[in-house]
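Below, chain A partners chain B and then partners chain C, in two separate complexes.
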Partner chain A sequence: MIGVRKILIREEYCMGCKLCEINCVAAQVGTENLIKIFRYVPELPEPKVIVEEHDYITFALQCRNCYDASCLKACMTGAMHRDPRTGAITVNEEKCVGCWMCVMVCPFGVVKRNLKKKKVASKCDLCAERGSPACVEGCPNEALVLIEVRE
Partner chain B sequence: MRYVIVGSGPAGLSAIEAIREVDSEGEVILITAERFVGYSKPLITYLLGGRVTKENMYYRTEERLREINVEARSATKVEKVLVDERAVVTHTGEKVAFDKLLLAVGGRPFVPKIEGLDQKEGIFTFTTWEDEERIEEYVKKRGITKAVVLGGGLIGLKTAEALMDLGVKVTIVEVADRILPVTFDKKASEMIERALETLGCEVITNDTVVEVKGRKAISSVVLKSGKEIPTGLLVIAIGVRPNVEFLKGSGIEVNRGILVNERMETNVEGIYAAGDCAEFYDLVDGQRKVIAIWPVAVAQGRVAGYNMAGRNVRYPGSIPMNSVEIAGVPTVSVGHSNVEGEEYEIFTYEDGRTYKKVVIKDNKLVGAIFVNDIDRAGIYTGLILQKLDVSSFKEKLLAEDFGLVYLPREFRKKMLEGEMRIWLE
Partner chain C sequence: MAKGKIPPEFLVERDDYKCVRCLACVRLCSYGANYYDENAKRVYTENRKCVGCHFCEAMCPTEAITVMRNPFEIKPLAHWTSEHLIDIMKQAETGGVLLTSMGNDRPYFSYFDRIVLNASQVTNPSIDPLREPMEVRTYLGRKQTKLDLEEDEEGRVLLKTEIAPQLKLEVPVMFSAMSYGSISLNAMLSLAEAAKTVGTYFNTGEGGLPKELKRYGSNMIVQVASGRFGVNVDYLNAGSAVEIKIGQGAKPGIGGHLPGEKVTEAISETRMIPVGTDALSPAPHHDIYSIEDLRQLIYAIKEATRYEKPVGVKIAAVHNVAPIAAGMVRAGADYIVIDGIRGGTGAAPKVTRDHVGIPIEFAIAVVDQRLREEGIRHMASVVVAGGIRNSADVIKAIALGADAVYIGTAALVALGCHLCQRCYLGKCNWGIATQDPKLTKRLNPEIGARRLVNLLRAWEHEIKEILGGMGINAIESLRGNRDMLRGVGLHEYELKLLGIKPAGEAW
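And now, the complex of A and B:
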C-alpha cells in the first residue's frame, strides 16, 4: 500500500475556461507568466490536459495514473514506468520508439503523441519536477483538486 | 517455495514482478533458451534498422532481475516437463525442481515447405535477437542489396521497413489478396500498401514463394505465378505458432496453445501458462484462441504470477489489437474490425489521408480501425473491453470531438474514479 497523489476531476464545477491547458503549457516551458509565453515563446508544447466539451458538460481530463494501468501493460520498450517516488506513470523518452501501443490502450485517450519533438509519447506526470500540478493550481473553480489515495 | 519461470518474454517477466509484489522470500528461477535475457522482441526490427541502440533493447535489465533476487539461466532450453516429479528437464539433462511452474515459452516461427529451402545461406526467420544478429551480419558482410520478405503481416512489414533502413531493396510477397489480411480491413491495407510503395517497396499479393534457387547461397526465388525474383536474402515471416511441441505426452493439455483457466492455470495444479503459448477466451466472441500480442502477454503473466504466489485473481479475457507505424503511417486495429454480416453495424470516416472505422454488434462496440489519425484510439479499446452499451451515442463515435464527454454520466464517473478493471479481476 502506497499513498498515491491523484487529480480529482469535478465536472460539475468546470466552466470550460481552459486555464488548466494554459497552465500546463506554461509549466512545461518553465514559467509562471501565462501572458508572456504565448507572446514570446516559439513552438509551444501541447498541453497534457484536455478540456472536453459537449452541450452543457465540460471537464478537464489528464492522465489518471491508473492502478491497473493499460499503458504500462502495452509498453513494449519499458519506457512507460511508474515513478516509485510519486506513483505517477512517466515516459523515458530515450527508450520510447513511438509504437503508439499506449495510445491504443489508454481508455481515457490521454496519452498523446509528441509529433513536434520526436516520435515520443508524452503524458501528464503530475508535474513531477515542479512538485505540484500546474493545472490544479491554476484552476479558478476547484474543478481539479489534488487528493491522496491509498493503493 | 520455488518458482520456475520458463521464458523471459513479457509474460515471464511480468509474472516474476507480480510474484515479487506478493512474495519477496521465495526462490525464483528464470530459464530461457535465449542468450539475451529481458529484451523486448518487437524491438528486433528497430535494432536491425538502426532505430534503437543495444542498451535500449532491454525491457528489464539483468541488473533489475538481480535486484529482485531472480536467478536467471540463459541459453538453457527446457525440453521436458515432468508433471509427477514436479521438475523440468533442460537440454543438458539437468532436472530443475519446482513448486510452481510458469510456461511462458512464446511462439516459434512457422516455416512452410518450399523446394530448395534447405541448407542454403541467406534464408532466415526473424523472431529473436540472435536472428537479428545473423541477418545484420549477413546483410553487411555480403553487401546484400535485394531482399524478399515472405509474409505481409506485421512482422513481415516491420522487417521490410528495417531492411529498407539498411538500404536494401525489398519485395514483400503475401499469399492473401492484400497485406495485413488478418489485422486490417481492405481499405486500411490499401492505404498502408501505398505508403510502403512510396518508400520504394514492392508488394506482390495473391502469390507465394514455391522454390528457392541458388547453389550455396540463395540467388532467387520462384513464385507460384511463375515469376522469378533475384534476391540475396529471404526472410520468412509467415507467422508464429505456440511453442508447445515439447509438452507432448507431458499430461499438460494443449490445443493450439496451452489450455488455461481464468487463473492462468493449466489442467495440472501448480503449472501455469501465459503469453503467446497460452490459449484462453476472446472477450468479444468467447472463442478459445491464442492472442499473441504484447499487452495480453503482460496481463496474463501478471495474473499467473499473483496466483502462483498465493493471491486469487482472474483474467477477464482480451481481444486482438495492434498498433504499428509503417512507412510513417500510424495505424491501430482493435478487436473484430475486419468482419462482414448483417449482425454488424459499421460506421466509417474517410478523407484521403485518414481512415476510421467502428464496428458494433448487439449494441456493443466490438472493433475499430484507425489509419493516420490514431489519437484517443484507446477510448474505443476501453469501450470494447468494458462492453459498454453504445447505442445511445453510436452516431457520435466517429465525431471529431468524440471523447469521454459523450459517454453516459454514471459510466464516466466510475471510469474517472478509477473503478475500472480491464486486465485483471
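And now, the complex of A and C:
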C-alpha cells in the first residue's frame, strides 16, 4: 500500500486569516505574484480550500482524499480517480460529464460545482503540479500540515 | 472650553495597488482598526484605533501595509514633549491613572551599553569554543560553607556534607514569571516546552498552575505572591523550586489587579477564585512586614516542600537593594531575584513603571558586593531580571555578579510580541497577552517553543564565543569577574558603584 499524503487540519491553531484560500487561487493560476493575479487575471478560479467559521472555531477544509472515497465509487465515468503518484484523488475534466454525484456524496462538501462548464470545478489535488500544497506552505501558524499516512 | 484633540499615535498606510482585498487585515485586527468598504471596494483604517502591534503588517500577503508612527506631534517643546501633553489631555478627560504595559519607556541611561568586554591577547590564550569544551551550565541554590569529607575502609573519599537542593541550568538564562491570566496558555506552553528542551526553567507567575503545565514540573519554578492565587501544598511541590514574589521591577511597591472580565472558567480554576471576580494582589504580603516575617514564610514553604526544593525571593531593585538582599539571604532564601527598573509587566500605572526603581546594572553590582563583604555570597544565588536584551547583556550581568538572568520581554518578542504596550487591554493580536479563544489560538506553541529554543541556543553560542575570547572555559569563572569589564564614558562614582575600571586602565 502506498503512503497517502494528507493535509492535517489543526483547528486549534487556525486563526481564520484565509490566506490559504488566497494561496490556493494563486497556485491554480500558476504564479506566486498575488498582485499580478489580482490586477490582471480576469476570472479568478474558486479556491479549493474553504475556511469554515463559527465564533472562534475556524479551520481550513479541503479534500480529505479519503481512503474509502465515496466520490470514487459514485463516479460513473471514471473521471474521478486516484493519482498513483501522490495518492490524491483527482478529476479528469475530459471524462467528467457533470452529473455531480460526487458533489452529492462528498461527506465534507469539498467537491464544488462549475456552473459555467457544467462540470466538477474544484477538487483539491494536493497541488500535484507544485509538489507541496500551497495552502500548507502559506499557512502562517502551521494550522495545516502535510502528513503521509500508510493505511 | 475646547477639548484637546488627541492625534492618533500611528498611521496605517496601505498601498492600494498592492492590496488584493484578501481582507486578512480586516479579519484579524482585534481592535477593529481596519475595515472594508463594500461600495468603494477598498480597505480603510481608522488610525485612532491602531495600537501599533504590526500584526496586520506581518500577515499582509503582499506587503501592502506599513504601520508607522504619526509624524504629527502637538507642537513639541524641549521640556513639554508631545507624550507629556497627550498624557495630560487623557487625564484631564478621564481623571484616572494612566495604565500601560511592558517595561520602562523612558530614555534612562543604559549602563550595559557603556560597559565593554575584555579578550585575550598575547599574554594569555583565547579558546576556540568549537574545538574545546566550554561550560555554560550553572547551579542555583545555597552552597555549603565548607565540605566535610570522610574516607571509607577502602580508602575512597566520600562527601559527608549534605548538599542543599539545586536548580541545574544548562544555560544561565531562565524565563521570568508571567502568570496564567496575564499571558495565554499557549504562551506558557511555549515557554515550558522551550525550557524543557534547553534544560532551563520557566516560572508560573502568581496565577497558579494550569493543569496542562503539570507535566513540566522538572523545568518549572512556582511563584507565591501576595494574592496567593492557586497556592496549596500540591502547587508548592509541583515545580522544582518555589519563588516568593515581594516586588516586580515594573511596579515596585504596588500590587496587581486582574479585571473580573478576564477571570474566565479556566482562570478561575487555576487561581481558585470565583468566575468573574477581580483578582487582586495586595501591594504587600500581609504576613510579611519584616525580614523575620519573610524568614517565617520561607521556612513554612521549606517545611511544606520537605527541604527538597530551593526557595527563592524576588524583589524589585530599589534604593536600599543591597542591605535588603543581604537580609533576604540571611532569612534563608536559596536564591534571590532582583528585578530592575526596566522589568516588564502585563499592566502597571505608567507613573510607577517609568519612575520607580533603579537600573539593574547598579543593583547587581551592589548586591554582589554587599553579599561578598558580609561573607554570605555563597549562601544564595543571585538571579537578575529587567531589560536583558541580548547575550552581551547576559555576559555583562554575570560578570557584574549575577549567577543567571531571567528574560521576559525578550522571550515574548521571540513569540511575536512587538511591544505595543497594550497587554492590559487583553486583546493581544499575537495571542500572547490575552485569554480570548479567538486570539490565543494564533500562537501555536510548537512554533513558539521552536523560536524560544532557537533564541536560547543562539545566545548560548554567543556566550561561548565571548567566553572563549576572554580565555575562560566556564561561565562560573566569569561570575563576579569584573576585571573583564571596563566602563566607557562613565563617571568615577558610577564606576566605583559598578566596581569596574574605566576603559584604558590596565589591571
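The rule is simple: the second predicted complex is superposed on the first by the 146 of 151 C-alpha atoms of A that agree within 3 Å, B and C clash if a C-alpha of one lies under 4 Å from a C-alpha of the other, contacts with A are read in each partner's own complex, and residues count from 1 in each chain.
Going forward, a residue touches a chain if its C-beta (ideal position, glycine included) is under 8 Å from a C-beta of that chain, and two chains touch if they have at least 3 such contacts.
Please read these numbers as outputs of a predicted model, since none were measured by experiment.
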Checklist entry - Just from the overlay, do chain B and chain C fit on chain A, or is there a clash? => result fit
Item to check | Contacts of A:I22 with chain B and chain C, given as first, second, both or neither | outcome: second
Checklist entry - Who does A:E12 touch here: chain B (first), chain C (second), both, or neither? => result second
Checklist entry - Which partner does A:H54 contact after superposing on A: first (chain B), second (chain C), both, neither? => result first
Item to check | Contacts of A:S70 with chain B and chain C, given as first, second, both or neither | outcome: first
Next on the checklist: Just to be sure I read the superposition right, which of the two partners does A:C135 touch: chain B = first, chain C = second, or both, or neither?
Outcome noted: neither
Checklist entry - Which holds for A:G109: it touches chain B only (first), chain C only (second), both, or neither? => result first
Checklist entry - Taking the superposition as given, does A:I35 touch the first partner, chain B, the second, chain C, both, or neither? => result second
Item to check | Superposition-derived comparison: chain B or chain C, residues of chain A touched | outcome: B
Checklist entry - So, does A:L126 touch the first partner chain B, the second partner chain C, both, or neither? => result neither
Checklist entry - On the overlay, how many Å separate the closest CA atoms of chain B and chain C? => result 15
Next on the checklist: Need the overlap of the two footprints on chain A, from chain B and from chain C, as residue ranges.
Outcome noted: none
Item to check | Residues of chain B touching chain A in the complex | outcome: 10, 14, 40, 42-43, 46, 51-52, 56, 58-60, 294-295, 298-299, 302, 321-325, 330, 332, 334, 374-379, 381-383, 385-386, 401, 403-406, 409, 415-416, 418, 420-424
Item to check | Of all residues in chain A, those that touch chain C in their complex | outcome: 10, 12-19, 21-23, 34-35, 37-39, 55-56, 138, 140-143
Item to check | Contact set on chain C toward chain A in their complex | outcome: 17-18, 20-24, 27-28, 58-59, 61-62, 431, 436-438, 441-442, 444, 446-447
Next on the checklist: Can you tell me which positions in chain A touch chain B when the two form their complex?
Outcome noted: 6, 9, 50, 52-54, 57-59, 61, 64, 66-68, 70, 72-74, 76-78, 94-95, 97-109, 111-113, 119
